[in-house]
Amino acid sequence: MLWKRQIPILIVAVIGSITLFGWFINEPNIKSFVDDDATQWFDILASFAIFLGGFNLLKMQLQKIFRRQRGWQYSIFAIAGFFLAITAGFFYKGNPDVAWGTHVTADGTLFKWIFTYMFAPLQATMFALLAFFVASASYRAFRIRNFEATLLLVSGIIIMIGRVPLGSFISSWFILYLLVLIGGITVNSFFKNKQYTAIFVIVGIIVVTAAGSSLGWPLDQPGILYLPYLQEWIYKYPNVAGARSIMMGIGMGIFATSIRYILGIEKSYIGE
Amino acid sequence: MKFLTDLILKMGTVDRRWIFLVIALVVIIPLFFPLGLPIRATATTQYVYDTIDALPHGSKVLVSCEYGPSTKPEIHPMVLSVMRHLFKNKHKVYVTCLWPDGQFLASDALNLVARDEYGLTYGEDYVLLGFRPGNEAVVKGIVSDLRKLYTIDAKGTKITEIPMMEGVNRFEDFDFLFSASAGYPGTIEWVQYAVDPTNVPMSTGTTSIQVNDVMPYVSAGQIQGILAGMPGAAEYEALIGVPGIGTSGMDAQSIAHLVIVLFIVLGNIGYFIERNRSKKY
Amino acid sequence: MFGEIFGAWVAVFLTFAIFSFLYKDNPFYKIAEHIFVGVSAGYWTSMFFWTQIQPNLFGRLWPSTHYSDGIWYGVYDLFGFISSSIFPAGGIDKGHELHFSYLIPFALGIMMLLSLFKKLNWFARWGIAYTVGMAAGLRAYGFLNSNVILQIKGTIIPLLDPDLPFFSLLGDSHFNNLVILVGTVTGLLYFFFSKEQTGNFGKVTRVGIYFLMISFGASFGFAVMGRISLLIGRFTDLITYNDASYHHATIWVLVIMVAILGYSTFTDKGNSETDVS
């Protein structure tokens, strides 16, 4: 129990306290330990955690093969891929002019080949798949059910169109006509009178056309309806306000959780 | 009218694979037939450009590459553009990586820009310090004592034997930081553990997903401007006058965005039609 | 050159194998997925070993500057007999001094690896505890300073500065500063769950929700932008690999894969119709 519970909690408390107070203490030995050696030890343990993950993967895939679990044939590919990368990393450089150690970053090595033609395309394509799913989800699931969803949708659309070059070609007057149309739909849903709707839309079109003609149809005026300007305003002001409040909330939460770990109240890392 | 509403409702039940096909086509066709839409720099991109342009010639600039192949289309073009800008203004560029994959990509960028385009000398004009694992602990290590963390560079050369490393011992010895970041660890860790404690100025380029997480820092003045995703990279390419991968992708980006917006609008029109019909009956 | 051409075909095959998931789950996708898992694990293991463990751990335990004929370097020479690439003759020359204190992270690291065995599962706790403690100490300060205190400072902006206009679309103004202040405060109030959000307080938090929704909408817009950018990147690479110098890898792999998937769909449909009859 002492080895499995108390000592890990003590390690967290001691190391956490030294690291936290190391920000405020100017004692050279403590500062040297916190800033240099403790950091290096952290890096070393992070590396061992990666090795643990790699070996765990190997263990699970081998178990799948030996127990002939469903899809065990594909595990052969996983293990083959793993050993190919390990061979390139530890046994075969592919470029005799490169020293061991720098072969993981140098050109012309098997390791670089695996990175360029296997790892990179696989990783990039996995993420690129999401573009299709986001488009499908937007079409099938994104619905204006209430005012909040409308705000979300409108700000999303303005950012999407306003931030790309195409947005610069959409005139403010097009947006005005669009607003007249949306106004007409709103009037219709409130009054349910086709006459009122028609009058509203016709008058709106006439007013917008007259204003546009008199001003010479400038692309970016009125500025508030020019998408690039509007998205810039949304991006820098109301968006930042919302993002900042989220950031501050998360920041306070992380501070509180870190203190809980250091004080030994939070013990999830030992499974409690 | 009924035909139109029925058609819209029917489109709402279409197999999603047709949507995938449409997206694939609207992205690939503009790559073959570019529209050449002009690119206008936004204020935050201009701010990054102006900040870098205002650095005195010969400044020591730390460029940190924390991105991988999955985010290369967004971040790599901005790294290339920023490097071109830095080398044009004759700054000394030191490159670190908080992500392991970032090292290969940083090496490719330096080879293309510093070595091939500008004919600069490794170790005198630019150096690739390389990747070190440890996330924010690495940032902290760079702040306190860079030489303890990096005893050799990415090529295995001792730091003490690299001429441009003379006088560079800690983060405060740099004049500017540019972080090209795709997530954790990245921009946020640089702000928290390096920039805020030391007040060394910093700009950043991030993936589009990360922009909203970083904008409050930009607004508060902790970061001097941000290059937001591929559009940000394209804007920076336009500012330095060297179009690249970012610019070539913007036509496809524009059309794809328009199509997705149309999808959303169509989907909602279908939703309202269905809602009205169910209210009626 | 052969390596490049072969690599291009491998890259194109793996790309289309992953994309084939959009049609349906199939063996091509499963093979590519498993290769990705295996190669990633091996890649990261090699990378972390050669950039951290060998130079910074072994380089501090057996630096070349302290090489001698004693027991300690005798152990090193034994390791060197097993692998001269990891333990080159004469010690590891990475510019470090000898630090026996690095036996501590070495021991913790070995304990982490031994946790692979079920009975020694708890061995990893010590190493994990060290990383958790260190991360907690770093983050407590980092997040409080940068994400809370400096953000509060950033929110305290002039509302009555005579040099600023009342409203400006692209620059600072009284209205814009007010929007930031009101949005941040009401957004924070929304996250205060110790008081019931009704009455006037409820109205204020509702305003907060509106600002959060605008922020989420902007995040959605940026998310779509990011995903499309990644797709553009993949297609750009596929177009590059369709060049004659790569023997039109893209088109050949696409045709073969579509043919195989199409044939398998056709035979599956035929089998299911036969079953029904």
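Letters A, B and C mark the chains in the order given here, with residues in each chain numbered from 1 onward.
Here is the rule we use: contacts are C-beta pairs under 8 Å (C-beta built on N, C-alpha and C of every residue); 3 or more make two chains touch, one makes a residue touch a chain.
Because the structure is predicted, anything quoted here is derived from the model rather than measured.
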B-C against A-C, pair bridged by the larger set of C-beta contacts: A-C
Chain located farthest away, centre of subunit A as origin (C-alpha): B
For subunit A paired with subunit B, centre-to-centre distance based on mean C-alpha positions, whole Å: 13
Interchain centroid distance [CA atoms averaged], subunit B/subunit C, Å: 15
Chain centre separation (subunit A, subunit C; CA means) in Å: 10
Residue numbers of subunit A (touch at least two other chains): 38, 40, 42-43, 46-47, 50, 101, 115-116, 119-121, 123-124, 126-127, 131-132, 134-135, 138, 153, 157, 160, 163-164, 232, 235-236, 239-240, 243-244, 247
Residues within subunit B bordering two or more other chains: 20, 23, 27, 43, 70-73, 103, 130, 132-134, 137, 140, 212, 216, 219-220, 228, 231, 253, 256-257, 260
Shared-contact residues (touching 2 or more other chains) in subunit C: 22, 43-44, 47-48, 51-52, 55-56, 134-135, 138-139, 143, 146-147, 151, 154-155, 170, 180, 215, 218-219, 222-225, 228, 230-231, 233-234
Interfacial residue positions of subunit A with respect to subunit B in the complex: 31, 35-36, 38-40, 42-43, 46-47, 50, 99, 101-102, 105-107, 112, 115-116, 119-121, 123-124, 126-127, 131-132, 134-136, 138-140, 142-144, 153, 157, 160-161, 163-169, 228, 232, 235-236, 239-240, 243-244, 247
Subunit B contact footprint on subunit C (complex, rising order): 22-23, 43-44, 47-48, 51-52, 55-56, 59, 94-96, 134-135, 138-139, 142-143, 145-147, 150-151, 153-155, 170, 180, 215, 218-219, 222-226, 228-236, 239
Residues of subunit C touching subunit A in the complex: 3, 7-8, 10-12, 14-15, 18-19, 21-22, 30-57, 60, 83, 85-86, 88, 99, 101-102, 104-106, 108-110, 112-113, 115-116, 122, 124-141, 143-144, 146-148, 151-152, 154-155, 169-170, 176, 179-188, 190-191, 208-225, 227-228, 230-231, 233-234, 237
Parts of subunit B lying in touch with subunit A, wherever the complex brings them together: 12, 16, 19-20, 23-24, 27, 37-40, 42-44, 68-73, 101, 103-104, 107, 130, 132-135, 137-138, 140-141, 143-145, 148-149, 154-156, 212-213, 215-216, 219-220, 228, 231, 250-251, 253-261, 263-264, 266-268, 271
Touch list for subunit B against partner subunit C, complex: 17, 20, 23, 27-28, 31-32, 43, 70-74, 100, 103, 130-134, 136-137, 140, 151-152, 158-160, 188-189, 191-193, 196-197, 207-209, 211-212, 216-217, 219-222, 228-231, 245, 248-249, 252-253, 256-257, 260
